[in-house]
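Chains: A, B, C and D, in written order; residue numbering restarts at 1 for each.
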Amino acid sequence: MTTVLATELLTVLTLNQYLLVSAVLFTVGLVGFLARRNLIVMFLCTELMFQAGAIAFIAFSRFHLEVSGQVFVIFILTVAAAEAALALALVVLLYRRKETLNAELWSELRE
Amino acid sequence: MADKIWFLIPELILLAGVVVVSVLGLSPRKMLRDCLPAVTIAFLLIACVVTPFLYDSDHVSRFHSVMPMLGKYVNMMVCIVGILLALTSAGLIDRRQEASVQSGRAVFDALRANRGEYYAFFLLSLIGVMLCAHANDLIWLFLALELTSLPTYVMVAMSRPSRLAQEAAVKYFFLGAMASAMFLYGFALLYGSTGTIVLTEMQAVFTQQADSEAGINTLGIVGMLLALLGIFYKIAAAPMHFYAADVYEGAAAPVTAFLAFVPKTAGMLAIIMLLSTMGWFSPSGNLPQPILTMLWMVAVLTMTLGNIGALLQRSVKRMLAYSSIAHSGYMLIGIIAGPAAGGTGIDGLGAVLFYLLAYGIMNTAAFSVLAGLERNGQEIESLEELAGMRMRHGLMAAVIAISAGSLLGFPPLLGFVGKLYLFIAGVNAGQIALVVIAGLNSAISAWYYLSIVRQSIMAQPGPQSEVVVRGEAIWPRCAAFLAALAVIIVPIFSWGLMKAADRVTNSPDQLDLLSETQAYQAVKTDSRNP
Amino acid sequence: MIPALHNLQFLQPKLLPLAMVDHHHADPVAFPIAHAIEAMSWAGWILWLPMISLVLCGACAALRIRNKLPAIITVLSLAGSFFVTLLLYLNYHEPVTIHLFEWFNIAVGDGNSFVAAFSLYVDKLTLLWMLFVTGLSCLIALYASEYMEADLKSGYARFFAGVSVFVFAMSSLVMGDNLLMLYLGWEGVGFASYWLIGYYYQKPSAVAAAKKAFIVNRIGDLGLALGLYLTWHHFGTIQYTEIFAAIQHGVDAEHGETGGWYIKYIPFMLMLGAFGKSAQLPLYVWLPDAMEGPTPVSALIHAATMVTAGVYLLCRMYPLLEALHPLALPTVAWIGGLTALLAATIGMAQFDIKRIMAYSTVSQLGYMFLGVGVMTTYGGAYHVFTHAFFKAVLFLTCGAIMHGFAGQLDLRKVSGLTKMPGWRIVSWTMFYACLCLVGFPYISSGFYSKDMIMAQAFISHGPGFTALGVIALVTALMTAYYTFRVWFRVCLGPVQYEMGDEHHGDDEHGDDHHGHDKPHAPRWAINTTLLIITLGAIASIVLYYTHWGQDMVAGSSAGGGVPSAHHGETHGFWDDPHTWMPWVASITTVVGIIIAWFFHLAKREAADQLKAILLANPIIRWLPTAMENKWYVDELYHAVIRAPLWIGGHILYWLDMNLLDFAIVDGIAHLPRWLGRAFRPLHNGILQSYAVSMAGGIGLVALLVLFMPRILQWLGGGG
Amino acid sequence: MLAALLIILPLLGGLLVLIAPPQRAKHVTLAVSSVVFVYSVVLAFIFGPHWGTDEFALTGAVTWLDGIGITISLGADSVSLLLVLLTTLLMPLCIWGSFTAITDRLREYYGWMMLLQAAMTGVFLARDLIFFYICFEFTLVPMYFLIALYGGSNRARACVKFFIYTFTGSMITLAGLLYIAWRYAEIAGFWSFDIAQLTSFAVDGLNNYPGLSQYEQAWILLALMAGFAVKVPLFPLHTWLPLAHTEAPTAGSVILAAVLLKLGTYGLYRFVLPMVPLAVVEYAPLIAVIAIIGVLYAALICWVQRDVKKLIAYSSVSHLGFCVLGLFALNPLGVQGSVMYMLNHGLSTGALFFLVGMIYERYHTRDMTQMSGLARRMPVWAFFMVFFVLSSVGLPGLNGFISEFLCLIGAFTASGDAGAYPGVLGPWYAAIAALGMVVAAMYLLIMVGKVVFGPLKEPAVHHSTGEQSHLPADLTLREIGVLVPLAVLCVYIGFQPRTFTGAMEGSIEGVLAEYPATVRQQQILQQADLPHFDNAGLVLTMPESTDIGEVNHDG
């Protein structure tokens, strides 16, 4: 009882723990998105949030013993890749303009 | 599988269109490049014409979706408004480059040309909306939403060679990504709650849950809330509306018009799809209380914040952005009312769908005017630039006044019919307070819509508006004229459209009920006129 | 006789007044009530002729006709009216109503209708009034045809149109068979008076006087209207026949209970109307100012006819006054007596002869009300009749003087008229009219009518009626003084005059100074009229002795106020006031005339000395000053009513614009804008802050969703 | 569909104007509106046997939004036909009266006038709630543009205020109307906006379901009043009116006063009275008090005005207070008076606005202090001015008296003990409101005294505007022609009100059908609470049948 193997640890992990990880990941992503100023970091934070969703999907998929959740994850990854491409393109565009990635500097449009 | 493909024929046609326009856009021949909008419109027309023939009862009965008929209406609506939007966009992209090519200062460089891509993205985004209407599982819905959004990010950025457009794109994209993550997470929770991603199956599970003692489980409710809040970004509903004003202002007017209609339609469809799994088609016919509460608050907040925000604006585009927010709030009344509430044949979702069409038309009319006029080569934006339009561009002044009236919901214009339908649906569902709030909001909105009318019709031309001239391309003004005409004429025939919008949300087994109601109404009509 | 004061039952809520009034007649309200007849609709021509005249005069004005055609038309049509009236009188057998055309007829449920037709109620009271109204109108129009000739170029047609309107309105007032038609005439004569007082519309004082007349009358009309509403409410009809029938029926079974407590206010409301029209306290203030109008107007409307409408109303409604409230008639009497006294005091201190006549009119009207109030409607009506003639003469003579002396009306500036060529008729008809006014024994008509009233004040029992009789006597003394003050000053004494500064007609026709340097005597139209009316005044003495007037009043709704038995019983000299009153009144009158003779003919400077003495005395000084300034009643009204309302209007307007419109309405309209401004900082253009706002918003929504059930519960519990 | 032509013809006229040459625009519209007037008179004859009854004739319907029960259905009863006649009569006069006043943007001006006519006629003819609402709202648009494009110096503020104020009110009204329709739909199973059906449902219920409860009715009353009271306008919702009137062009003011304000009172008559009787009985005293406050308040404000037009505008507020008071008397006299008021106020105040406009056209000012004694310069004008002022003051023999008198006597006799139609007002209401008669005489005569009479003083024509008036000093034949029909009608109504009151009797009885029973029912309830509720000896005559369901139509 005192020594537990890592493999055993994995087997006793319940759905809740997976979900907890997912939620923490999501929160970290969100907080990072709100707090950081660098556009690339911010984008990575949204990626974190996406992956949190992916983890939840996989966990639920395992929980329900149903594969469509895992299929969903494939698509999430694809879309995330597409978004990443778009994001990088935009970031490059912006960097060319102002030579900075600070999101706060882009606030000409305002009340 | 074949059945699914069958209903995707319009999308496939448009996909073909995507390929054609992106290739044509690279053509060194100016004439071919110039006919891109026409090609786009042609494909949209074909898709539109094809659609009605697809929805025969035979195929529909084999189509397992929460709302099998939805696609018919949505496809046609998207195509029609798409045609107007394409007209509005004509001449927008690559203007500078084309001008220098025209004058012979430069040769055409396919690598620097964006026009083809623009129309390709345009069509792709529309395809996304159409796909939303056909979604029968969460993956499809997710992909359709992303397909709708991703091209729009690019469209904003490329819409005009201005820092503002890029700033708008960045804001739109980043906040959009955050929202996407949110509804994705919500989807995950929904999946967790039901163990399926197929909407019809989810519907069955939730109905089962609702019938049980425990009710719908919390995971499902939270997932739904999260998913809805994420999707609210698409329809620019509070509290996810903050980006709207900036983005709409930053993008070029045709793109703004696009943004105000296309993602909003996709979002509304997604909301309808999601909510239809939960409650509407269950025996009780009601949404779970927390969802309803949230929708109610969001509706009130959205219309109020939208309207009070618009009051302060001097920029017409910003004003219309806020008005777009407010209109989402109005549409949420229909969502709250739900389909066939109260058993009187009034369909809240039908009202929403009808309003989307109405909004698409009248909003496009307003933005087309902004797109059709220019000042120093820039599209016009501020209220001051509208001043005295009546004397210099009488028709455009009339169009913008009519569209403002319609957006205000003034009888007997299209916006009024739409709003009336929404209000009736709201009242029908017992949401009197909501309707009164919406009415007061309409009254608030009168302030700023009137200021548009006042500037364009009454005011004398000022220094800023005297240099306003007609844009190069005539097409935006054609779009404006057509849309304004539609705003005036469509109300006369709107019952046909409403009926179309009405039927789509009814699942096949409810169609019988509907026909019964209509028979009853026929009897009633007879008794009224003996 | 009158219900005793100790009978305080009227204070109790459920009053059925009809049952309690103790009438002094065995059958208190037995008078013949009219019945409708089909024939005789030709009587309508009494109304139509002035109407036609109005239209024709209007046409003359529109066609710019600048000769005497309007006068001819008017005189002829008024003569026609008089003729028709005379015919009506000759054909009169019993009270009848003559239907002319439908006016109001509105179903009010339960098969009842609100009916007010254009119908004529013809009884003797009507005829009495109509005879002198149409007769005098015709004569005065004749007079005016000459008097107004200076205005041939501008307002001649307008003037005669006004006269026509007046006669039409007065006829409907007198002849209407329901209260609403009376009301039509009532306001109509008010309007005609407005029209004619304001005839010299470029004179601000005339315009102001016209306005004042209309508005003050409106206050009275308000009372009349309320009385009308009450009558309708209580009796379910406003037609005389039905009202009288209900009164004669005694306790009204159908409406008796539903009428409610306010029924007893009917007399007071009607009275208010009468006080307004007949210039009684507290609404008399318009009449003296009304002298701004052309003199024929003053003679016709503000002396002879219109102002007697109040007396007519009270006579017509006498059964109601008697039956519905025990204090109704005493109130009339007191108001009348006090008005008579007050007006006389003011009249003594004025210098403008026309104004003196005006105050004397107010005073004499007071007598008439006193008469009605002390229950001699005969006295009241007879005084109306006699007064109509002699007061018309007085005004017309004043007018002739004014006309001849270019607007000179100050009695200190014209003297010795009898000695001037061409003025004889004027001065001697005036003399006779003065005698009538003061009630000179036996040879003047005023003597008989006034005597009747004053005597009855001592006969009838009512609260303070004896005191009223004394007041009436004192007033008679004053009347004698101020009347002959005028006559002695103007007609006797050395020939002296000072021309007025007025030229008739327009300023533009300034070359028309025909009377500017020397007086011009009146010509045939004026003289004839004066003579005819004076003859009328003399004739009314004859009517007294033939009991014609008594007969006329007795057979009508005012019949309850015709004392019938006073000649039959014989008592000691002091027992019957009718016996001693002629003597007392005569002595009073003669004393008054003598005082006037002393101060204003024999020793004119004594008057000034007396005045100086009075003014020098610090204790008494206020008296002549106040009298000369009309007791400051106008100023009082201005300070108490007009000014506060005017200031109130300004305050309300300010509040309307600033508080209601600006602060509240615009404020509410700007609330959304302010709210929008409050949210503005959130839209600061920074990506993160948008994200934070979104996240915060989501948190807020989530919280609200979570707690909404509890909030609703709390709201429900709290509410 | 005879009635539809009344709406369609002006619309076609509007189109015709758009293609006509600008200088012909006025003639075209004058011709069209005259044709419409003649046609409406013909309709009045066709209506023939229905005068005096409460039947609707000239009906017809076109389905529009069928599934939600909205049809375009038209029909007229006597009251609405009279108001239509008022509209069709005034419109040609307004157009004729604008011939010289409007010098630019002619086509638009006359086009808007035509649209306005169509919308106003639509309001009176509508038998469908939504169609009513559409027309009711749509009147705002032409009026907005008439003020905005042809108005005075402060027109921007005026037209926005006018628009938003009335729009806000009518949004709430719409909610109230929808509520009634919803309740109907709940029971009937389908939506209908047919006014007759909804009215009968609101009162009597449907299929054994009861009608609206008192609580619901109270809320609906509030909602309906929100729109109609603004339009009337009732104190304290009147502040848009003086502004709008002052800034509007002459014809606009005329239409505004003569017809547009009547839309509010017509709404009260057509919807509030028949649909929510329980609430009306409960709140009529309150509304009457507000109306009376309005009468006196506006009258006092009139007194201190310097601008003639503003004075007349405020006098409208005051006068319409009488109108509302009569309406809530809930007996035939009061309601007759009120409907007559709608017509009469249209004639006399309309004419007054014409007259002020004629002055303004000549002198470019309406300031009372700048002019005086104009009777000398323009006697014909002065005649008409005094005439219509007297009509407005309520001189018997002219039209104003008829309505004022009936409203007041109606309110006066609307006490609980009145025979066939017990009411909830009473003598005090009428007595205090009647003070308004006196004040009305004051302010109007003071105005006349200042402007028409007195020594002649003409305002210096503002040369800054650069336009010397081309008009002669006194009225032209055209201007006289505009005024004469109104004056003739004023006299005619003054002496023959029976033509109109008789015509409306049936309609009014129909509207009031519920009230005797409702009032008595409420009296019983009150009496249960307060056994000695009136120590002044008021004794109720209680009918044998006190069942609220039984309505006593003819006693």
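We take it that contacts are C-beta pairs under 8 Å (C-beta built on N, C-alpha and C of every residue); 3 or more make two chains touch, one makes a residue touch a chain.
Bear in mind the structure is a predicted one, so any value in this text is a computation, not a measurement.
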| item | value |
| --- | --- |
| Distance-maximising chain from chain C - centres being C-alpha averages | A |
| Chain closest to the middle, measuring from C-alpha centroids that were averaged per chain | D |
| C-D or B-C, whichever has more C-beta pairs in contact | C-D |
| Chain centre separation in whole Å, for chain D relative to chain A (CA means) | 66 |
| Cα-centroid distance, chain C relative to chain D, in whole angstrom | 36 |
| Geometric centre distance via CA averages, chain C-chain B, whole Å | 77 |
| Centre distance in Å when chain A and chain C are each reduced to the mean of their C-alpha atoms | 97 |
| Residues of chain C engaged with two or more neighbouring chains | 669, 680, 683, 685, 687, 691 |
| Junction residues of chain B, two or more chains touched | 170-171, 174, 178, 245-246, 312, 447 |
| Multi-partner residues of chain D (each touching 2 or more other chains) | 164 |
| Interchain pairs in contact, sorted by label | A-B, A-C, B-C, B-D, C-D |
| Residue ranges of chain D touching chain B (in the complex, touch as defined) | 61, 63-69, 130, 133-135, 137-138, 140-141, 145, 148-149, 156, 160, 163-164, 167-168, 171-172, 174-175, 178-179, 181-182, 185-186, 188-192, 194, 197 |
| Chain B to chain A touching residues, read off their complex | 137-139, 142-143, 146, 150, 153-154, 157, 163-164, 166-171, 173-174, 177-178, 180-182, 184-185, 187-189, 191-192, 195-198, 245-247, 249-250, 312 |
| Chain B residues touching chain D - in the complex, by the definition given at the top | 342-346, 405, 410-412, 416-417, 420-421, 423-424, 427-428, 430, 432, 435-436, 439-440, 442-443, 446-447, 450, 454, 457-458, 492, 494-495, 498-499, 502, 517-518, 520-521, 524-525, 528-529 |
| In the complex, chain D residues that touch chain C | 161, 164-165, 236, 239-240, 243, 297, 300-305, 331-333, 336, 373, 375-376, 390, 395-397, 401-402, 405-406, 408-409, 412-413, 415, 417-421, 427, 430-431, 434-435, 437-439, 441-442, 445-446, 449, 452-456, 495-498, 501-502, 505, 509, 516, 535-539, 541, 554-555 |
| Interface residues, chain C side, partner chain D - complex | 12-15, 102-112, 114, 118, 180, 183-184, 186-188, 191, 194, 198, 201-202, 204, 207-208, 210-211, 214-215, 218-219, 221-222, 225-226, 228-230, 232-233, 236, 257-258, 260-262, 645-646, 648-650, 652-653, 656, 660-661, 664-665, 669 |
